[in-house]
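The block underneath contains the structure these notes are about, expressed in structure tokens.
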Amino acid sequence: MDFGSLGLSAGPLNVWMVWILPFVGALIIPAAARVSKNSSGYVAVAFALASAVSAATLIPLALHNQEIHNQIPWISSIGLKAGILADPLAAIMTNVVAWISFLIFVYSLGYMKGDRDLMRFFFWMSFFIGSMQLIVLSDNFLQLFFGWEGVGLASYALVGFWYRDKKKDHVGTEGRTVLGLLDYYSPTQAGMKAFIMTKVGDIMMLAGMFLIFAFAGTFGFRELAANTSWATAMSSQNLLIPAAILLFGGAIGKSAQFPLNEWLLEAMTGPTSVSALIHAATMVKAGVFLVARLGPLFFALAAAGLNMDQFFEVVAWVGAITAFLLATQGMVHTEIKKVLAYSTGSQIGYMMMALGIAGLSRQFVDGYTAGFFHLISHAMFKASLFMAAGSLLHVVGSRFMTDMGGLRRLMPKTYIFMWAAGLGLMGAPFITTGFWSKDAIFGAVYQSGNTWALPIFIMAVITAVMTTFYTTRMIGMVFFGNKSKHVEHLEKDGYHVHEASPVMWVPYGILAALTIGVGILGLTFEHEIHNIFTTYLSSTFGIQSQVGAVATESQQLLGGFLEGVNPIALTASLSAFAIGFALGYVFYIGRFADPAKFVNSNIVFYAIHKFFLNRWYLDALINWTFVVGPLYLARGIYRYFEDKVMEGFNLVPEKTMAGGARILQSTQTGISQSYLYVFGAGILIVVLLLFI
Amino acid sequence: MVDAVFLALSVLTIGSAIVALEIRSLIYGSIALMLTLSGIAGFFLLLDAPFVAMFQLSVYVGSIAVLILFTVMLVRRELIFNKIEDKRRRYAGIGLMLALMLGIGMIIIGSGMKSIETNSPSVDYKKIGEDFLTYYSPALIVMALILASSVVGALTLARREDMTNDQRAD
Amino acid sequence: MTNGLIDFVLVSVALLAIGIYGLSVKRNAIRMLFGVEMIINSANLNLVAFARFIPNSQGQTLALFSIAIAAAEVAVGLALVIVAYRMYKNIDIEDFRSLKG
Amino acid sequence: MQYVLLQAIFLPLLLSPVAYLLGKRLGPNAATWFTFGILAYCTAIMTLASVSGTYEEHYPWTHQFGEFGLVLDGLASPFAIIIYVISTVVALFSKPYMVAKFTAQYEEKMSAQKQVVGDGPTAMVESSSLKTYVNSQIGIYFALYLVMAMGMLGSVLATNLIEFYVFFEVMLIPGFFIIALWGYEAKRRVALLFFFWTHVGAVILLLGFLAIGLNVGSFNYADIHEHAIPHRILALAAVGIIVGLGVKMAAFVVHIWLPHTYRAAPTPLNALSSGAMLGVGAYGFFRLLIMLLPGEYGHFALFLNLWGVATMIYGGIMALVQDDIKKFFAYSSISQMGYVLFGIGTASTLGLSGSEMLFVSHSLGKVILFLMVGAIILQVGTRSITKMGGLAGKMPITATCAMIGVLTIVGIPPTSGFMAEWTMFNGALQTAIQDGSTVRMVSFALGLIATVITMAYSLWMIKRVFLGKLPEHLEKTKEASWYVTGPMMVLAGFTIVIGIYPDIFFNKIIPFMKGLVGV
Amino acid sequence: MLDFTSTPIILTLTLGAVGVIIPVISAARKEKNDSLYGGIAFAALAAAIGFVAYQIISKHVLPAAIFSKGVLANDMFGSFFAIAMLIVGIMTTVGSFNYMKGRANPAVYYSLIILSSIGMVLIAYSTDLVMLFVAWELMSIPTYVLAGFLKKDPTSNEAAIKYFLFGALSSGIIIWGISLAYGLTGSTNIEQVIAGFSHLSPDMMPLAILAVGMFIAGFGFKIGLVPFHMWLPDTYEGAPPTISALLAAGTKKAGFAAALRVIIMGAIALNLNWSLALAVIAVVTMTFGNLAAIRQKNLSRMLAYSSIGHAGYILIGLSIAPFSAIGIAAALFHILNHAVMKAAAFIAVAGIITTLSISHIDKLRGLGRRMPITSLGLVISLLALAGVPPLNGFWSKLMLFGSAINAGASVSWAPYLAVAGVLNSALSLAYYGWIIRKMYFEEGESEKRVKEPKSIIAVMIFSIIFMVGIGVYPDPFIQFAKSAVPALTSLSAIH
């Protein structure tokens, strides 16, 4: 496509505009809201569209492997500059972000209709994508961190959007406790939790940034890549890998990876469009993007002979563990958004796994592409799923899947779109993007040749089984079977469960269609990205991809059609899908067996189910260790140390002074003789003093 | 070398000092004090200072002690007898007295003073007058002021009729 | 002189100590004045003794000043005692203890 | 320009009787705007003077103790400007708050009298006598206020140890009176406590000054060179200065006066104290320790750093468990001063710059938050956090500004707090790497962890005050008046502008600190 | 021989004449006109102060010296004290106008004040032990009478008797000390005494030390050093407050003059380790004074304890005199300041007592509104006593503590003196603040403003100007105090 002919050519201004426009929109929204209460939504959509169009002009950069790097003075007293860096990576990412958020904005117009705080909502939404675009387009760590925290802030504000803490906005089952702590979160608490937990990652990232700055004297990505003497210096002090891992800590926090994964579930208290935005386009993708930003740099260092293995191993393992961990939990929960949230975390784990494993293999670009491809496809189907789920919530008025059931006739469009997007999540063979991207990850992992490859691969496959299972379960529970009591109750009251308005279903319809559409062209698409990244990595970082032996082997096996697809990975992927789907079908679509009975039939199953339902006790343990425990401790310190010991600094002088005064006063008896006696004794004392 | 006169004077002086303080009757105490002061005058004579001794006798024995005696007689009869002191205070006082005697005495005995003796002739008392009029003349003026102030002050304090003239009630 | 300086000074020390004893034990205001007199006299004895042994006239001069001042002091002191007596009908120092603490 | 700084310092002092008279004759509005006018004028001329670089004035004073000089350099000007800016805007805020306070006190007094006398005078008489009461009180208040502002500025501009000390003490006296006259609860005891502690701190500081000045033979900063002082004295002097300023900054262990004071003081004084007065302590570290005794600073830097860490963590933990919102912010201020101390202990250009910047940003943020406290006390009438909730809907402007304030305190971009914190922590890390010091590494890490604590308590406070369910008794709450929200918005704007473009202050601070560390 | 151009002689003769004549006039006149005698006394004292100032300005005064061949030295040291003491005398006199109104024997009262003032002035000029002693007695004896001047007031009499007993004992002790010093050196002239001391044979040293110890006890009684202080609170409380002003501000300071002349010089000459002993006494004294003041309920008594505390501060300056160049200057400056501050405080108390008949601190409630000027004067003097800048007390304390720290270079314990002093200053705020709190922050039973005596207002205004003036621009007075410091280097000439 030639965008130049449309009058849109990529220049620095476009790039700036991509992230500035949403902020401008955010600033205009309050003013607009004064004019008309509903105008804020339209302003936001308009600016989101403008930003998306600006982003679209950057696509040629990706296609032609160009980059725009533009700087302006900022903190000149330290010699820091602000700048934008639009390279192929950023160009692709910014489009994903921009367009998906645009669709979500449109969806929000319908979803949020009638809310009393529209202005605030759209302000923060615009702020959110502005910050995300800032992350994507920054050319240095510091500026990136602005966006990074902006995203955190916006998520805080939006997760806790319904700050009045009504019962329906909570997440979790009321009254349910795990290890004595409520597993029931209000929006405000969830927002706080999200912000603080991600902040833990952020400070790690800050520490990593500072470590690198201390050696390199710059925050700029390009400067860091251009001259790597800093890395050698750091490596000689054994600081390089810690710094890299600390930076990855930021990604762990933002992308809700183990062990900072727990905030993501409670973040479901926000409006669903917010969840869609967080999970598909902005917040959690920021972490992946950061790793994608830095991965090549570190790999280039590794290629230059520095030992970076531990870093990539950590990334891969964190990804694998997260993927597995969250998938297990996704299988048992009954809140639809929560299931989706688990799946997000799990899928992000895949991406991390791929990016990590990329660094461990000779074929860096394979894993890199796989991870990034999965990011794109995940963005599409997860946004779609969330918006569809929002629609369901909107219509049914309950967040529990047990309150739905049998909706396939009442909401046919949503039913179809959800199947499409759900298949994407499951990785339905050959027709969905999810399949191709997951397959690419399996392939990359399998081929990496690392010692850890096999266990990670096995975990990935098991996770895939679980993914398919819980997706099937979700769709089955929502659309199949009989209508739940809740829905019947609603209908008895004269409420007709119906399809949501077009403004809502069109956006997720588009994305669902894309999931299938791109899926059909999946391999070509993957190839295209692969090519882009191959050139990008080699030209920018000097990472040469070797067209290795494995690839040729696969070519031999399946011919040109499946070029680049690893047969074992393919087999694993297909069988995982089959097993998962079959299980899900048995329990939830076909309803041949009652899952509850099945679980209760066996103490082992029951225990496992409870273990998963209690989120592996992770949330409770974290709460005990870092929230409740310290609070008790703080109270103790306050009561027994601050209020007693430290207060002594006030009381002891007061008491001693009063006591001393009393004693001294008692010496002043008023009797002259005793005075004179003291005088006489005083002479002796003074003389004695002088003799000393 | 301690001769008998000195010894006698010492015993007289110190003994009568103790008596002055300890005897129950204040009147006898006053008389004992007179003896002490006379004893001091005796010492002055022993020290070849007849002028000072004279002065001592006239001022102390002659006026001060008499003044005290009169005052004693002014007060009510029962007051001129000793009230019994607190025993603890008394022992503590004796302790302090002994401590002072021992302390200062030890310092003095331990110092080089013990070897000081003299055979030089005593000073002419005319020299005293010369001192007064030359070197110490400002002090003499001040001395006059002291006496004036003490006389004025003592009179003012002791005057009875003022009590009624005082218009303010304090 | 047959007696050494130290003999006189020791007598003087004894008198000083007795005077202080009188001041710090006796309850009767007049007897406390006795103590004061003893102390001043002990000092005078010292002065004259030193003046004899130096030998020098200044000590005697000072003794004369001292005697005069003592007279002035005693006059004032007695006046105060009289005022007190008029007020309290008493000269017991231990009763004069309204000021304390 | 001549006599600019002299004007800036002494105009408030000389005009304070006028403020008193205006208040007494014409009432709160006149006094408020008069005070505001004076301070705004002084701020303006001072800012203008500072734009063109270092600006100095010198006047003869005493032979023994040196000249009376005033200097506005890269170190002093951010402090000076922020102190006067804070004083200026808090003057506006004082009006509604103090009038409400006076009225409450008057009613209390009247009801106490009624109990004694029986039936009181009619409502007519009462309202007119209330007016005279309020007028006279506001007059006194603003007179004291001006003196306090002058004291704070004076210590920052001083060029002489004794001059510094004099101003340092002068600012205590109005504070003492304001607490004692219009405080809460045990106001008199606390006023004495406040005065006693800070005075003890000040005199310990004075000992340090004397040790330096007398050995050097001059108390002027310019004449003081470290090598002229015997070693033993030098260490003592440094300890004196550190302890004295530590008390002022309410560092851990000697912080104990601050929670009491903040609980009892009227809110404008809290704002002024936290936003400006504590800063004088921080300024003292730069000017007196780092500039005058660089060698000793070298010895004590690590200690200060660790002390700062202890303070920031301890203050944060204590803030977590407070229910009284004023006490909450008291501990929060302690924690923030821990940050500043941490930065002071970093011994690197960026760390020191960040530390100074942190104070500026702390001022902005904490004053916003104290104005918020004032707004809540005025509008809601309670200070117990547990009795609040869901106020965001009722007081949107206050809530928004408070959020910005919290972000500033926590150090989230794009507020000035972030700019301060990152430079500071960066500096800390640089020093740690340069020295290869594990202790510094650990303190750096703990410092970062402290930011999480800060965030936890701040957000928790926001959650409990502004978010959640609205208790029934707060249904009728209204937004605060413009006297409160106006200053808040101005300051909120400031912190964001500085957060995005920190060079406003950094281009003064950083070159100065470079020179400092270079020495 | 009398040198009639010498400042002290002229002062003695003129003031002495006035002092003696006033009672004579009073005896001659039948009608009692109180203000006449006060006026005469005031005029005489004012003329005297003008004369001293003139002598200083016209340089008819020698530089500060410790020694002279005669009994009096016409030097700066004495003149400094003369000015300070005469200021106190004037403040007392003026402050008494109102107090003495309607009381008996005003003529004697003013005459005794004048005579006592002469004594104080002469102590500082004395260079001979005999002269010193005589001047000491001239200062003391009138004050015995003055303290007991309220003959119908039992407390006044009790105060006077206690004061007298101590005074008599201490004059005995002083004479003892003088006798030892004379015995050791054969002279009463301080120069020769010092010279003799410095050439003393080792076996005579204990006697010299004994003499110094007795001087400390004898002079320390007036100064109020612990443990010779016990009379002081009782007397200050019981005596008329104006006389307490004279005692606290005048006689106490004269005691320092004597101490400086005799104790310090003697001790230096003896090469004793005396300064540590003085330092210990200083610390004990200031702590005792300030601590005991905390719980006091009587205003005069609290001020009395406070003046004990201040004696401790001043003693810091003396105890480190050999080690710090400004120690004595600081002590002198504080003497001047404290004289004015304490006198102002006591006279304010006198004003309060005469108009409202209250001296209990709890009854001071609302005083700030009832007697605004007196209250203001009291507050400022209290703050100055506490050493709050920018008041005069701050500067002299600053110099005192500074000199202590400065001496740290020579003796390691000196800085602790400053620490003790500083902590004590802080401590003292507790009770000064207490008074201020009562006067201003508490509601009194009556808030109506009462008429304040004009003479008290005059004293208050003078002292406020003095305290704030010095506080803002202390330099001339610091220089004055420095010029009055005797050169200790002249001691080395003797060695």
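Which chain is which? They are A, B, C, D and E, in the order written, and residues in each are numbered from 1.
To be clear about the criterion, a contact is a pair of C-beta atoms (placed from the backbone, for glycine too) under 8 Å apart; a residue touches a chain by one contact, two chains touch by 3 or more.
Since we're looking at a predicted model, the values are computed, not measured.
Undergrad: Using the touch definition up top, find the fewest steps from chain A to chain B.
TA: Counted as steps through touching chains, the separation is 1.
Undergrad: When you take the mean of every protein CA atom shown, which chain's own CA mean is nearest to it?
TA: D
Undergrad: From the C-alpha centres, identify the chain that is farthest from chain E.
TA: A
Undergrad: Which chain has its C-alpha centre farthest away from the C-alpha centre of chain B?
TA: Of all chains, A has its centre farthest from that of chain B.
Undergrad: Ranking chain pairs by contacts, what comes out on top?
TA: B-C
Undergrad: Centroid of chain B to centroid of chain E, CA atoms only: how many Å?
TA: 29
Undergrad: Taking the mean of the CA coordinates per chain, how far is chain A from chain C in Å?
TA: Using C-alpha averages as centres, the distance is 98 Å.
Undergrad: When the C-alpha atoms of chain C and chain D are each averaged to a single point, how far apart are the two points in Å?
TA: 64
Undergrad: Hey, how far is the Cα centre of chain D from the one of chain E, in Å?
TA: It comes to 42 Å between the two C-alpha centres.
Undergrad: Counting only residues that touch at least two other chains, what does the list for chain A look like?
TA: Answer for chain A, listing residues that touch two or more other chains: 665, 668, 670, 672-674, 676-677, 679-681, 683, 687.
Undergrad: Which chain B residues touch at least two other chains?
TA: In chain B, 89, 92-93, 96, 100, 104, 107-108, 113, 136, 139, 143, 146, 149-150, 153-154, 157, 163 touch at least two other chains.
Undergrad: Which of the chains are touching one another, listed as pairs?
TA: Chain-chain contacts present: A-B, A-C, A-D, A-E, B-C, B-E, C-E, D-E.
Undergrad: Using the touch definition from the top, list the residues of chain E that touch chain C in their complex.
TA: 129-130, 133-134, 137, 141, 144-145, 148, 151-152, 154-155, 157-162, 164-165, 167-169, 171-173, 175-176, 178-180, 182-183, 186-188, 233-235, 237-238, 296, 301
Undergrad: Can you check the complex and tell me which residues of chain D touch chain E?
TA: My answer: residues 61-65, 109, 162, 165-166, 169-170, 173, 180-181, 188, 192, 195-196, 199-200, 203-204, 206-207, 210-211, 213-215, 230, 232-233, 236.
Undergrad: Any idea which chain B residues touch chain C in the complex?
TA: Within the complex, chain B contacts chain C at residues 1-3, 6, 10, 13-14, 17-18, 20-21, 26, 29-30, 33, 36-37, 40, 43-44, 46-49, 51-52, 55-56, 59-60, 63-64, 67-68, 71-72, 74-76, 79, 82-83, 85, 89-90, 92-94, 96-98, 100-101, 104-105, 108-109, 113-125, 127-128, 130-132, 136, 139, 143, 146-147, 149-151, 153-155, 157-158, 160, 163.
Undergrad: Considering only the defined contacts, which chain C positions touch chain E in the complex?
TA: By the definition above, chain C touches chain E via 5, 16, 19-20, 23, 29, 32-33, 35-36, 39-40, 42-44, 46-47, 49-51, 53-54, 56, 58-59, 61-62, 65-66, 69, 72-73, 76-77, 79-81, 83-84, 86-88, 93, 96-101.
Undergrad: Which residues of chain A touch chain E in the complex?
TA: Its residues touching chain E are 657-658, 660-662, 664-665, 667-668, 670, 672, 674-676, 678-679, 681-683, 685-687, 689-692.
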